[in-house]
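In the two assemblies presented below, chain A is common to both, partnered first by chain B and then by chain C.
After this line comes the complex of A and B, so read on.
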């Protein structure tokens, strides 16, 4: 009897999906909240598992909660759900009190739907979204955490920063030059993009919205969108489309990683590195412009078709670009790493330990720099990655230096992949056709490893097959807290390089 | 030291010698050219994601166009995007490209405020404010100052404080959450000062025009000195627009 119960439980309280799979919404088991909580807490207790998305959306007079846990070893995603009454007064138990990695997801639920939690450690606002129930609180009157002491002082930075950067507010509490605490408040970039995915009815509009989620990660987010949409409508992209998207994703990684190395060098006033890495990014993005007319790849990725077929001529050109890039990059990197004045700024600066990374639920490159093997290219392969047997690059110190080394090694890895792919350009198999409508009442999840890390898009369709709800999660959503933790006990002058070494997205977070 | 010199040597010359004459890839979507051919105009109007296309006469408003190129793919005989990146103008209506016209987009000398030519012709310091931009225009504005485009050779630079600035470059559709800070920053700039809108999102709101989270009222309060379309704005569009605006007349 017991055995039977357990078996039945396993069958019934969650559903197991693969990346880019679409299922009827009703196939996701709906659990009572306490059971839902226990299930997901027990999932993340396993080292192989982490939460890729946990969110809610209104259904009549309830909020439907959906939690997606990725199993990085078994390459599966466990999805479960629950419902709670809208305007519920009586507080519920938080996931966060048990597992910190849920903290931001629950803050978002609280902010969006006023879900009351009685044991959430800090229900700090996430982004002040336009349709939040509590309109009294505004981004301008946010009460930052304070410590009263004669010895300490506060430093406020932003929302507008000194350089050309997206806005966000950083509030430091310092003891002399040393940072005791940093609090980050975001939301200035909130454009209501998730709502626009619902109200913009044309597929092209949604495709272009996906390009604008984070304009420095166009290929990543747009690939997540088209994978999701093609799964929703039951369209299988041909090898050519898959090829182009994956190639572009690695080129985006190559370009952004190179740009980040330039930015870190600039921030430590190492001008040669700043200039050389900066200019090394140029031929890569100019190649993108040559391929698709846009240096940041806008316009390249479309549902069900491509306006810019990749050709042999482009492949030859790209080979030349890489041939010229590689020796100059390696020469510059080697030189940079030989300079004690550079290394002294990077090593042991902005450390996130593996334990911290695990606790806050870090993803992507930043997680890998702290010894966590989180890389969807190997754990939930999409695009061309099932054929690559991708080995994530892992570093263990979790400092700025590790995050620099990861970039260099991932650049080399990307170049190897790209060169391999260039040997064999698939032929276009399918002609563009009229695309079907999505199926009614379904749920889809798509995961893509962009250059920053894990991008997750989830959609739910209504009874007409239109989008009922669209949820975007940028990797930055997981990682912003890590910046705040990494700078503790560092000199305030090291903040810029800590920040650059993560290079998180504001617009991707604020949506 | 020797290694540094070697690296410098290996870089060769990276800067674009004449940014006003640089030729970029044919695939780049710059100023469109629209033919007089009779086509199903409504189909193109319906296709456009931002409502940039209208008829009577058939035209594309580059202040709204996000350069997706989809109209040109649907009807290449009617619409062709040229690689002309000089798209900046100080006349909002100058961004509306009509059928049968193949003229450069101009900055009109008579619309330039006198203070601009008087004070800024040799040096222009700008404060950038991102107000909901997706970081694509921001990356390109940063690129304008890199060793390839090297904008500072013309005395044009981005500065860290509005107090040091002669004007403001706005990117993004202007979110509600950013509206107050944008205004504060503008007010902190000493007179005389200019406003530049960089990128389609800033000029019209782009894809975000109908979002509730946008508040563009700031832009109605002051004169706009330069509109530079693009998604994102190309560094060459930006630099050429500024050079033309502050050129000695």
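After this line comes the complex of A and C, so read on.
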């Protein structure tokens, strides 16, 4: 009843958007902070809603806060905003004290603008930007959570990763072999990408920047960027462009999921699986090399044009690649899932319950493994997805095994989609034209379901139509906390497979 | 005496290619070409020509431990017989000395890991200590059963007279060989107890203990592992040697057993996943129950029960 009243009272307190919609900035209602808080808390109380982005940027002597909540059932995005004075001394109430899923967003706001919160439980640094107000926070003096006891011991791992992939520090508090608590410190990869988006003025530079946000998620982030930019300038991509982007996105999903299966097998020392899944990934990324000259699909997606049109010859080649891939993949997967030693390692390891997943605001594949139906391909469709009526793959156990099964089923789903799309390749309709500048004073949001999960890019333009603020949110941003929760009460030697089953991005989080 | 030296050299020779065969087998099963079987030896030779680096926090124990570990295994090898030919050192009750010699080496290995003050190495040390401790009863029940059966208490006496009784001795010998294969895998921290190939410190047992060792010391530790394999392989081959046969039968059987053992290790490591850490103690303790079965077989043969 109370919820209903809030909705009634605030009918004009937020604006409803669709994915990739551009609106004038002043159309977003500006609320007083307490109202803003109540509104967004009431939004995320509903199971269908989750926070896709909550961030701030300085406007004159104030900080403008923008909160975007996605409604997965109604396929809408609710955007509201508030304004806080810069250098405010008097602490404000945090969202986090009421809803945990906002915790990292508020930590970031606190770090960037020194917004004081009096009831935020975990105001620790996130990624140490160079212009942070509190210069005393350094990567060396991160305040780790501690438990003092004779029986417990701490194990520090990193920042140099054992497989030298990307840096991050993991601090375990263990009771013998059992993990009681894990805290993950990131920020080593911070490059200031969001600021580079503002300072790089050429569209090509920005396009290449988007490709470098996370090296394993090139298509996802670049698609989000081009969708956002095309929406800002009012350009409607033709069917051919949309087709190529969606195809590349599914191929990236296919390649990365296969690579992850290989990595999980390697981590449990199952050599056969590691070798076979590893070799199955190669033809797919090699196909990307044939298509666009880069195995990670860099250079493929460009605003308003495509330098590598998808041809009939490529379609035939892809069909052959998939024909060779599918039987081998199915055989290997069956072999793996019938091996007791493998199942013993995967099942009931690293469990995230549906309740936990909801509380921390899990997104993407990891959320679907815990029984949450969060898939932008069906809830906020973009690209070719409105045409395929995508059904998300859902698993309910939330353990490593579920996350493995999700990968397998999504691979099969992707192959079905790709085969369907290969039947008719659209013709190029538009010739590349000179692109206009974005409209002044607008706000745009673009959501893309990458292989890892929900990618969100938001941009605000200034009076001249240039970018005033650019905000990137990688799915890893939501999901790192879930790793820390999933390993609790597990053995410390099972941490690597828990970690690998999520396979989150360090650079995507650190930006 | 000359036989003793010959046996010692044979085992040393096998240790040079044992690791290579394991790696080659794994490569072939993974569909790769794989390195030559002498590659591990070449790597060790490279390490032997390098100096070691010691951290400021570690003491002299860290510096002497690899040498003690290596020598303890060399000494243990001198006690291995071949059929009824005694090793270099042989006396009554030498298998007890053999077991505790290996333990001394392991003890130094463990305290040197603790000496580094690294939280990960301490974890590895505690795991290795636990697993060796659990594997010990299996070894002693097994050897004691054979001592009971043959009436001898030295390696040479036991293996020299093992197969003079009945054909059941071959069946018991086969079971014993199985136990020794598993003991060798546990003592060498191989699959399914530990994954020697992993790069993840958190899941390691033996590898994490030698993270701080470098150069010459690391070379010693790596070769010690191969020596250990060759040593256990030699014990296993003894169960299949008919005493009294000529050397031109014995030596080929010895080499063949070693090669088969190495291929078996490679096979196991290719087609299964490592166990969950907390299942390992249970798995290792199962060995003790298998040795009890051997003990029962021995009692049957001797007519002490029934």
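Definition applied: the second predicted complex is superposed on the first by the 500 of 511 C-alpha atoms of A that agree within 3 Å, B and C clash if a C-alpha of one lies under 4 Å from a C-alpha of the other, contacts with A are read in each partner's own complex, and residues count from 1 in each chain.
The rule is short, and it goes like this: a contact is a pair of C-beta atoms (placed from the backbone, for glycine too) under 8 Å apart; a residue touches a chain by one contact, two chains touch by 3 or more.
Bear in mind the structure is a predicted one, so any value in this text is a computation, not a measurement.
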Field: First (chain B), second (chain C), both or neither touched by A:155
entry: second
- request: Determine, under the contact definition given at the top, whether A:208 touches first (chain B), second (chain C), both, or neither.
  value: first
- request: Identify the partner contact of A:275: answer first if only chain B is touched, second if only chain C is, both if each is, neither if none is.
  value: both
Message: For the overlaid complexes, name the partner, chain B or chain C, with more touching residues on chain A.
response: B
- request: Could you say whether A:177 touches chain B, chain C, both of them, or neither, answering first, second, both or neither?
  value: second
Message: Looking at A:491, would you say it contacts chain B, chain C, both, or neither? Reply first, second, both or neither.
response: second
- prompt: Which of the two partners, first being chain B and second being chain C, lies in contact with A:191: first, second, both, or neither?
  reply: first
- request: Please work out whether A:345 is in contact with chain B alone, chain C alone, both, or neither, and reply first, second, both or neither.
  value: second
- request: Kindly classify A:417 by the partners it touches after superposition: chain B alone (first), chain C alone (second), both, or neither?
  value: neither
Task: Return first, second, both or neither, reflecting whether A:163 touches chain B, chain C, both chains, or no partner chain.
output: both
Task: Name the residues of chain A shared by its contacts with chain B and its contacts with chain C.
output: 162-163, 272, 275-276, 279
Field: List of chain C residues in touch with chain A within their complex
entry: 26, 29-32, 119-120, 122-123, 191-192, 195, 197-203, 269-279
Residues on chain B engaged by chain A in the complex (per definition of touch): 3-4, 6-8, 10-11, 14, 24-25, 27-29, 47, 49, 66-70, 73, 81, 127-143, 146-148, 158, 160-161, 172-173, 175-178, 180-181, 185, 201, 206-208, 210-214, 231-232, 234
Statement: The chain A residues in contact with chain C across the complex are 153-157, 162-163, 177, 265-272, 274-276, 279, 339, 341-342, 344-345, 491-496
- line: Given the complex, residues on chain A that touch chain B span 127-131, 139-140, 159-160, 162-167, 187-193, 195-196, 199-200, 202, 204-205, 208-209, 212-216, 218, 259, 272, 275-276, 278-279, 282, 286, 289-296, 298-299, 307-308, 327-328, 331-332, 335, 338, 505-507, 510
